[in-house]
Structures are given as C-alpha cells and as structure tokens.
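Let me give you the structure first, and then I'll get to my questions.
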Amino acid sequence: MSNEAEKPNFITTSLDFLVNWGRTNSLWPFPYGTACCAIEFMSTEVGRYDLSRIGSEYVRFTPRQSDVLLVAGTISYKQAPILKRMYEQMAEPRWVIAMGACASSGGFYDCYCTVPGIDHIIPVDVYIGGCPSRPEAFFEAMFDLQKKIKDESYMKQRAERVKDQLEMIKAKTEQAKAEAREFAREKREELKEFVAEKEQKLVKKAQFWKE
Amino acid sequence: MIVLDPNGEKMNLMALNVGPTHPATHHCVRLLAALDGETIVAGVHEIGFMHRGFEKMVERGTWQQVIPYTDRLNYCSAMMNNIAFCRAVENMYGIEIPERTKVLRVIVNELSRINDHFICVAAAFQDLGGTTPFMYAFNPREEIMLIWEKLTGARLTNSFARIGGLYRDSYDGFENDVLAACKSVEKALKDLHACLDRNRIFLDRTVGVGKISAERAISYGWTGPCLRATGVESDLRKDEPYYDYETYDWEVVVGTQGDANDRLQVRLAEIEESVKIVRQALKRLAPGPVDIVDPRIRVPAHKLAYQDMEALIGRFKSVYEGIRVPEGEYYCASECANGELGFTIVSDGSGHPYRIKVRSPSFAHVSAFNELVEGLTLADSMATLPGLNMIAGELDR
Amino acid sequence: MEANEMTFAETVVSVLTSKFGGTKDNAAKWDACVVVPKEYLHNAVEFLKNDASMQMDMLLDLAGIDYLTYPNHEGPRFAVSYAFKSTKNPGRRVRLKVLVSEADLNVPTITDLYASANWLEREVYDQFGLVFTGHPDLRRILNHVEFVGHPLRKDYPAQKRQWLSTTDFLVPELEKRLEDKGYKVIQRSKEIMPVEEEYLEGSIRE
C-alpha cells in the first residue's frame, strides 16, 4: 500500500500528465522588471508577439498569484533583499527566469552596486541572453520552461514531499505493533500463570475431598 | 502613529509603504506615506534601487565605449542619449558634422521621441487600468522598432551614434519605411485621442491631480514636457538650437494646468510635432558622407584599412588607445524625450574620460514626487507617477 | 545671437569676479565657469538667482569631481560644479565651481534657494562624501544605508561590493517630514524588525 504512490502506474501517470498540461499552458508571470528588459517584455505582451499564445498574458504584479518570477533588469544590492523576499512569498510550484545579461550575470555593469547575477540570491531555472533579450528569446525561454515542467512528476514530487511523514508513520506503526505484541505476550503469560494456579487449586481441592 | 495636526487636534495616521514592488513604481521608487484614511498627509520617497554605477563604469573605458552605457540611461529612447553625448564631445573638439548626419540624427531623434512618448502614455493608461490604449500605442512603436532593426541591428539599445558621425549610413528604402511609420503613428494618435479626450473615467482620474505651479517646477529643475505642461515655453531645440532645429517648421507645445492630464496631453501633442519634423527632414536628406574625415576622432572606414597604411594605423590607435578629447571641463545639454539631458564632462586629455556626470531629467521630476502627492488620495498618487515618465535607468543611473 | 551669448558669459564672469572674489576657470574652454570661494558661494548663488540682470532661476546639476589622479593637478582634491540656466532669458547658462580640500569637506548648502538642490546635494554627499552644512536631510540617496565609503572617489575600487541585509526603515524621516509640515508626533509607531531568516547575508553561491 505505502509503495504504490512511488511506482508509476496508470492512475499516477495520467494525473501527472493532467497536472503538467495545466501548469505549462497557464504560466502566470510576475514581471520583476526594473530596467530595459522590462520594456522588451512589454513588447512581448502586445500585438506583434502576443504572449497570450502560450497562456501567459495574465500578468500578475503580486507574488501570491503568479507561477513564474521573471526578473527583467539589473538587480542592485539595494534591490537584493526585496527580490529575495518576493521570491519567498511566492507559492509553490514556482519557477524563475533571469531575463537579459544583467539578471543573468550583472551584464557589463561590473560594479560596486550591481549583483553579478540573481543566482547569488535565488535559484534560477532558465537564463536568457541578450542586452536586452529579444521577444523571440523570451518565447524560447518560456518553451524551455514548459519542457522542464512537462518532465516533472507531480506524484514523485508529492512522494518526495511526504517522504519524511511516511517514514515517521511507518516507524510509529512498527513501534505500536511491537508494543501490542509485548502486551499480548504479557497477557498470555499472566493467563498461563492464572490457569496453572487454578489447576493447582483444583488439584488441592480434589485431594482434600478425597481425604 | 498618533499626531497632533497644526490646529491641535488628535489624528491617528497609518504609515503605509508603497513600492518598490508595485506596478506603477516600476520597482524603482519607494514611497512611505502617512495616511489619514485614504489621504496622504505626508510622504517621503526613496530611490536608488536601480543604481548601476554609470559614472564609475565609464571611467574605465575609452570615449567611444561610453556610448553603449548612454543607451541604457533612458532606454525608451536610447539613440537620443547617444546623440546627446556625441554632441557634447563633438562640441569639445569643435568639429562640424556632415549635413547628412545632422539630418539623420534629427530623424532618429524625433522617432525616438515618438517612441518614448508612446510608452509613457501607454504605461500611464495601463497603470490606471486601461489596456486598449496600451495596444494602440505599441503598434506604431513596433513599426519604428523594425526600422531600428534594419538601421542599427538592435531593437532597443541601439548605440547608433558615434563621436564624429554615425555607426553607418541608412539603408535603401529607409525613407519609405519612415513615411509608412509616420502614417501609422498618426493613425494611432487618432485612436489614442479617441480613448483619452472624452473618457470620463480617465479625466476624473487625471484632471487636477498632481498639480504643480510653474515657479515650483522651475525651482525643482523640471524640464521637458513636464515643465511645458505647466505653461513655461522652454525647449532647448528652440532656445539653444542645434542640428538646425530652428529651420524646421514646428511649434513648442505648452499646457495650461500642470496636472497629470496635461503632462500626457503635451506628450501626445509633441508626437504630432515630431512627425512634422520627421517629414520635413526626410525631404532634406541629401546623399553625402555621414562620418567626418579625421582618423584621430572617427575611425576610418573598414575597407580603407586594407589599402591605406594611415587608415590601418588610425583604426589600430582608435581601438587600442581610444580617441583623445581635448583637456578641459564642459557642460552640454540636449533636449531629450524627458527633458534636458546634460553631461558634465571632465577630460584630462587621455584616451579615457576622467569624469562624466549625467544631469538626468527624471531625477529632477521624481524629486518633487512627495510634494505632488501630499493631499491626494493614495490611488491618485499612482495616477501622478506615470505622467512624470520616471525611467529608472536615467533616474538612478 | 552668438555675440549676445558671448557678452553675457563675459559679463557674468566679470561681475562674479569683482563682487565675490571669483576667478575664471581655465579648464572651462567652452562655457562660462567661475571658481568662487566657499564662503561666498551662498551669496553668489543668491545674486545669480535674484538679480534682475541674471535671473538664473534653475539649478540644473551638481557634479562632484575628485582630482586625485588628475595629471599635474595642483590645489584642493575635490570640486563641485554647479550648473545654472535661466528659463526667462533662454540660452543663458553659467557654471560655478567650488574647490574643497580633503581637510575640510564642508560646503555651504543652497537648499534654501533651489528645491532641486536637496537631492543633488544628497547625491554628491553619497558619492563623494562632501558635507553640505545646513542641509535639512543629508543622507545617502543612491547607495544603500549599510554602504561604507564613497564610491565615486578615485581611490574606491570599482569592484568592491557591499551586501545590504535588509531594507531601510524610513519612518524617522516620515516623522521629520510630518513635523516640517506642522504636525506633532505624540505616539511613534513601533519598528517591526524582520525575523532572522529575512536578512540577506550574502551570496548563496559561495
């Protein structure tokens, strides 16, 4: 029973497929756009490029309602604690795209005030090159992210997440079983003693009446 | 916090933090407002979230290497900054650029201005919750971007101007592309005016909001469309003309009220004037060289390097040592999309800039922000900010 | 037009020279720039702003300059260049320059004359460490509060990075602003300190 969730079978793979299908086609970005790349992201959103083709046109400016943190622009040391906080406020599952040279590596601002890549602060899933990145490059990154999400298994992740709990439950059950066995054995012993005592008493009584 | 107001009455104020992670503040301005109900009683604001060390970085490169950095000051109209910087250095050399370059620079300048103003108006509408004008404004903008791609190879940060000329001449069919773009700009303007002018919601949100008097604006160092919206007729293209701007037929647009609506309307009207200038400039575009002939300033053409010894040396020197700008100090300003973009340049006569200080228009505009929003409601403060066209790259440099 | 501009530049220089003991700056070959002694700066700026013949009503820019590595430089290490222009008489511009030695970093403020001076002076203080005496709110503006040193000085290494652990509180400044406007704070709001995990301690890659 307990191992069934970890092994792929018809139900779990279908569930994985369904969950991933839903996730890939409605990635809501949270544009953390500080600089030039944000302007290119605006171009990506509208007419000619049209981000709604991949179901991401619903741009949310709040970490609570978004799936993808899109860091578009330079992150300075003054901005860094805020970015970290925003990332931590996002609900799982969450992904991060570093758009443009500045977010990926600091770009050509190799300077006292710019963080050399946001991977110094938060984990990153996809990097995009360019200063600023073209809208086509942004789409490419979204497709990469979709591929990455399709490979993920919801059940596996769930198993991973509840692994500790499962083990704890197993250990607890073992302990309880052992305790019950011990208790039963003690009871049996007690019963045996009791029966033996009774027999002796009966024997004594019989002898008494014989006499 | 509990305070006593000037009349001695007790008030319970709430300190509320707005931004930098707010769609209207562009992750770059933080406002801490003391709220009485919904009204902002007092506010302090903080910038510097996008400070990326322009002034330290340019000291490490050569003079021509400054140009990509200037692109990223006001990235909505990148080429204008290139041209402003190149003009400052050219003035220090005392050189006159060829006629075709002047006209090309004017065309590029005005198209960039159109681009910048479109983004400002579109973003202002988006921040107030209107999505349609955003789409309208971006169509002609994309068309201009296509011209940029053909002309310079890049979409946004173009690095087109060079000290003493341009990166390259325009391509075949440039004129037709620009004319077609002008047409779609005019069409979009019509659509935008239809959205803006009689839109009750928009007018209620912007008319009389974020007002500033002309004296106060001047004291804060406001320039460009924001100052013109208060009724001051001040435009460097007319006041201190360069690139023959005075010979084109156009007018300085001024507002009357100095509120958020005026700032956007002035921008829209300026787009019209810019289209006028572009149309006239296209007629003046005569064939000719775009670079000055001086190997100490402008690197010689690539094909010359294979035939001519001097050209080879010139290319080598200008790449490895950089050009040598005459020693001295100079402040030179140009009229950019947001206002007066000035460069205080200190040169020690070597191949590297000694110090370049940028006078950015956004810095002056945003410094007045807390004074503008005090007394308004919190929602109105976010209607005020986009009209200032705060561009973080320029604000924090 | 050209002749008028030249004469105006010349008159500005001569007036400032005779009235405020200024000298023409030889480095400025392309525009009018006058070096003014520190103690007369405020008077000179007031004169430029209010005098009917000048009307320099806009302060455009303050540029700090550090002459530490300037070849063959003599004199004080720092300088501040003030750029003015007139909106009433278009085309009139002038720059003032103040020399500041390393021993005495004080410069008189001009925030009472121009509103734009407030942030511009804060920026020069932030980047160069020049102290503007009389400034109402002199603190860092572009760099964060935990920054040590002044980055645009020539002896500050360009790649010396400094992490910020948490964002500025900013409520004391708000209270100050309230008090400037005539309000009186009787009960201050409590500072909510971020919990231990919220501090950013540095790169997660190292």
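As written, the chain order gives the labels A, B and C, with residue 1 at the start of each chain.
Here is the rule we go by: a residue touches a chain if its C-beta (ideal position, glycine included) is under 8 Å from a C-beta of that chain, and two chains touch if they have at least 3 such contacts.
Just so we're clear, the structure is a prediction, and the values are computed from it rather than from any experiment.
Undergrad: So using the touch definition from the top, which pair is joined by more C-beta contacts, A-C or B-C?
TA: B-C
Undergrad: For chain A, which other chain has the most distant CA centre?
TA: Following the centroid criterion, the farthest chain would be C.
Undergrad: Between chain A and chain B, tell me the centre distance in angstrom, where each centre is the average of that chain's C-alpha atoms.
TA: The answer is 44 Å.
Undergrad: Determine the centre-to-centre distance between chain A and chain C, using the mean Cα coordinates as centres, and give it in whole Å.
TA: Result: the chain centres lie 50 Å from each other.
Undergrad: What is the distance, in whole Å, between the centres of chain B and chain C, each centre taken as the mean of its C-alpha atoms?
TA: Distance between chain centres: 23 Å.
Undergrad: Quick one: which residues in chain B touch 2 or more of the other chains?
TA: 48, 51, 53, 56-57, 396
Undergrad: Counting only residues that touch at least two other chains, what does the list for chain C look like?
TA: 142-144, 151, 158
Undergrad: Hey, what residues on chain A touch two or more of the other chains?
TA: Residue numbers touching two or more other chains: 78, 82, 110-113.
Undergrad: Hey, which residues of chain C end up touching chain A in the complex?
TA: Interface residues on the chain C side: 142-144, 151, 156-167, 198-200, 203-205.
Undergrad: Under the touch definition given earlier, write down the residues of chain B that touch chain A in their complex.
TA: 20-23, 26-28, 48-53, 56-57, 68-69, 72, 75-76, 119, 123, 134-135, 138-139, 141-142, 145, 155-157, 392-393, 396
Undergrad: Show which residues of chain C lie in contact with chain B when the two form their complex.
TA: 25, 27-31, 33, 57-61, 63-66, 70-71, 81, 83, 85, 87, 90-91, 93, 95, 114-116, 118-120, 127, 140-144, 151-152, 158, 168, 170-171, 173-175, 177-178, 181-189
Undergrad: Tell me, which parts of chain A touch chain C in their complex?
TA: For this pair, the touching residues of chain A are 77-78, 80-82, 84-85, 110-113, 116, 119-123.
Undergrad: Quick one: in the complex, what on chain A touches chain B?
TA: Its residues touching chain B are 32-36, 38-40, 42-43, 46-48, 61, 73-74, 76, 78-79, 82, 86, 102, 108-114, 131-132, 134.
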